[in-house]
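Each of the two complexes below includes chain A, the first together with chain B, the second together with chain C.
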Partner chain A sequence: MSTAVEVTGVHRTYGSTTALAGVSTTVREGSICGLLGRNGAGKTTLLSLVAGQERPSSGTVRTLGHDPVESVEVLSRTSFVRDSQRWPDDFRIAHVLSVAPAFHAGWDAGLARDLVADLRVPTRTPIKKMSRGQASSVAIVLGLASRAPLTIFDEPYLGLDATARQIFYDRLLADYAEHPRTVLLSTHLVDESESLLEQVVVLDEGRVVLDADVDTARASAWTAAGAAGAVDRVVGSRRVLARHALGGLASVTVDGAPDEAVRREARAAGVELGSVSLQQLVAALGAGAPTVDAGAPATADEGALS
Partner chain B sequence: MNRAAAVVRLQLVRRTTWFVVPLAIMLVAGVATVIIQLAIQRATGMTPSSPGYADSARNNPALAWSVSGYLVATGVASVSSVFPLASSLGTTRRGFAAGTLLTHALASAYLALVAAVMLGLELLTGHWFVGIYVFDTAVLGAGDVAVLLLVTFLGSLSAFTVGAVFGGVWLRFGPRGPLAVAVVAVLLLAGLLLLLAPSLADIAGAFRAWWLAVAGVALVLVAAGGTTLSLRGASVR
Partner chain C sequence: MFDEGSPIFQQLADRIADDVLAGAYAEEQQVASTNEFAAFYRINPATAGKAVNLLVDRGVLYKRRGIGMFVAPGARDLLVEQRRARFAEQYVRPLVREAAALGIDAAALTRMIEQEDQS
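This part shows the complex of A and B:
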């Protein structure tokens, strides 16, 4: 299978701020790739480089086989709506449905109409005045109905209710099955979107900290939970990605796969070993410092880890 | 579809902005002109056939000035607020600049045609039956339809493209961009005025109307070039 996106040694700086620092990755044509990471990790910057909306400070970006900047060949086959997309004044969904076919050869007007109805996009309200979720719905309509060979969704779920998110997942998968294309998806809702993804690229502070298919990513770390001292003994000198402590209990996310010796020692010490979800792994990779001590878990996921 | 043509469609999809509001402004300016000229007729006792009335009534640039501000503002918005969406839809920066310039030309042609039709009606009705000069004015060619077409087209296009370059530099440089362009333009004009001041009388004597047409074309070319250049480095955000 050929490569849809190839990013090699890309740096992107804005003044004294470094958004991307030596990013390299490839995305297979026809795959759904999740771009994950914390706010400010560089996800939108990377997507805009892939979409040819910006130039890298150094390094190379090849999209659909070309340098994407000012490439009609690439841009006419790419859909990229930003999470903070700006819309012209008084622009309504009817305007979007009217002009999009002029830009996307594969535009499916029927699908667009269905999505507008299913996602309950207001027809009379200017997009600029829509709620966050409604504006996200417009972006989803534009992306899905474009049938662009490279379709990029930048935080498409922002503000969407659970029903709308499920509609998006279902429609994306159904349309992808009928019309395979490359989909790049940046999101924070890792658990919800995990089943969609074939590949994940995790960014942290402008660097790629994980680039793998989803199964490999899940197998790339494990958790240990129990009495703090016992956990530390079991983990030993292995690389700890994240640690949460509550009283005398601790839970750690550890890089790599647990070997038989670790399993034996854990059983003997009463330490529970487990696999990580993608959400846990991404949170751990973005945690930075390996140790987090808190009086109480900060999130439900951290609670699960504890 | 050609990217520039797609941009034209994107721009013109908001028909009210391009086709309705300018007419509404012209209509309001026309109504104001009617009221003022009728008031002058009543106050001075002059009639449309009075000596000098037509010349005085023709010195009424209201129509040209009333709509120019809106055209500049529309030119600004046609770049600053449409460029991010056009980029998302997959147009190149060159394609956007070309399509936007084409949009401005089409809208200017539309306004010129409307003005020509209105001038025709004005002349056919003997200046709206009561001696009112709205389109048959000195600045629009004093009843010469060819001059009116040229002045309206180039005037509108100049206003759109000047607005567009301000929109472009705003996208490229932020709020300091338009400020810098305005300051530079004022300084250039001031310098030109000071340079030509000793010869102004001679220049005025030799002045020909076509000079304005050439100046208009030059302004459009410079503004369109400036817009294209500023968009090359503009942020899509």
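This part shows the complex of A and C:
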């Protein structure tokens, strides 16, 4: 299996601001990788480096086997539709669709037309005057229909309603299944996108705090909930990532995997063990927005995907 | 569609196994492809692939090269056997524990089960 993206010891500073502080990761070719983290964690910077739109201050970036900066091989095989994509003033969706094939050998005009219809992209409105969600839809059309070997979505869902996001997820999976390629997707919507992802990289303050395949990541922590005293006894000296209390009840997220002794002890003490969702794990690592109201115990079935 | 209890591939494997057990897929019948499962359940195709491989390892499904995945002969009996082995742990133990917490003794519990069985 070859590697689509290889980032090694990358630092990126802007003046006195450090955006990335020693990031290393690899993304396997043909996988969907989610890049998670809070605003300012360095997600967009990392994606820009991978796409060759910026250079690292130090460290190396290899994209599709090349240094991506000004590389024809990389640029012709990468689709990176930025959040802040600029278009000429009078450009409408038809103009975009007519120039896109020039940049992407794999461009599928039929898919683009379907997506424009499904996402209800207005055909008469200049792109510059589109709403946030409509502009996001244009970016999704470009990203998906490019069929680029490396497709990068930087928070592609801003302003989209739940239905449009579901269309995006469905079309991404369907097209990816037929035309496998490497997809990098940065997102805050962890619960929504978890099932799409094979690998997850979590950034916090310019550092990688988690890099694993999704199943491994979710198995890397567990929760224990019940009477506070019993929970603390069961957890013992294990590393606690997060703790929530409600009166005499406690729910803790614990690093590692529960062994048989813990399971036995928990059963005897009436403590409920559960597995973590990716969102809970990201939050527990300090990299997510707090999702649990103060005092509310996080139970195993909270926030279940429906 | 899936909860947080266990890895998604595990849940999908259980779901396919449920369908085999319920007879929704007959033995020697072809099951959906990995990509079809992925699209239907809105999950990564690699995850769907893991679920299918897990069932192949357990002898529930088998692969016919170039054609697809099929339900193995004897898969249903195999699943019944596996699930019976787990039945006490999965269902009886929590039931007895809850009953004890409510002060329902074994005799009363047995009567309730008999009543339920007759209705």
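Heads up, the rule we're going with is that the second predicted complex is superposed on the first by the 282 of 306 C-alpha atoms of A that agree within 3 Å, B and C clash if a C-alpha of one lies under 4 Å from a C-alpha of the other, contacts with A are read in each partner's own complex, and residues count from 1 in each chain.
Here is the rule we go by: a residue touches a chain if its C-beta (ideal position, glycine included) is under 8 Å from a C-beta of that chain, and two chains touch if they have at least 3 such contacts.
Treat the numbers as computed from the prediction; the structure is a model and nothing was measured.
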Touching partner for A:F91 - first (chain B), second (chain C), both, neither: first
Partner chain in contact with A:V235 - chain B first, chain C second, else both or neither: neither
Partner chain in contact with A:V200 - chain B first, chain C second, else both or neither: neither
Touching partner for A:T78 - first (chain B), second (chain C), both, neither: first
Which of chain B and chain C A:E70 touches, first, second, both or neither: first
Which of chain B and chain C A:E178 touches, first, second, both or neither: second
Common interface positions of chain A, toward chain B and toward chain C: none
Chain B residues touching chain A - in the complex, by the definition given at the top: 1, 3, 5-6, 9-10, 13-14, 16-17, 77, 81-82, 84-85, 87-95, 235-237
Contact footprint of chain A on chain C as seen in their complex: 1-9, 35, 38-39, 41-47, 50
Interface residues, chain A side, partner chain B - complex: 48, 53-54, 70-72, 75-82, 84-91, 95, 98-100, 102-104, 142, 148
Interface residues, chain A side, partner chain C - complex: 31-32, 169-170, 173-174, 176-178, 194-198, 214-215, 218-219, 274-277, 280, 300-306
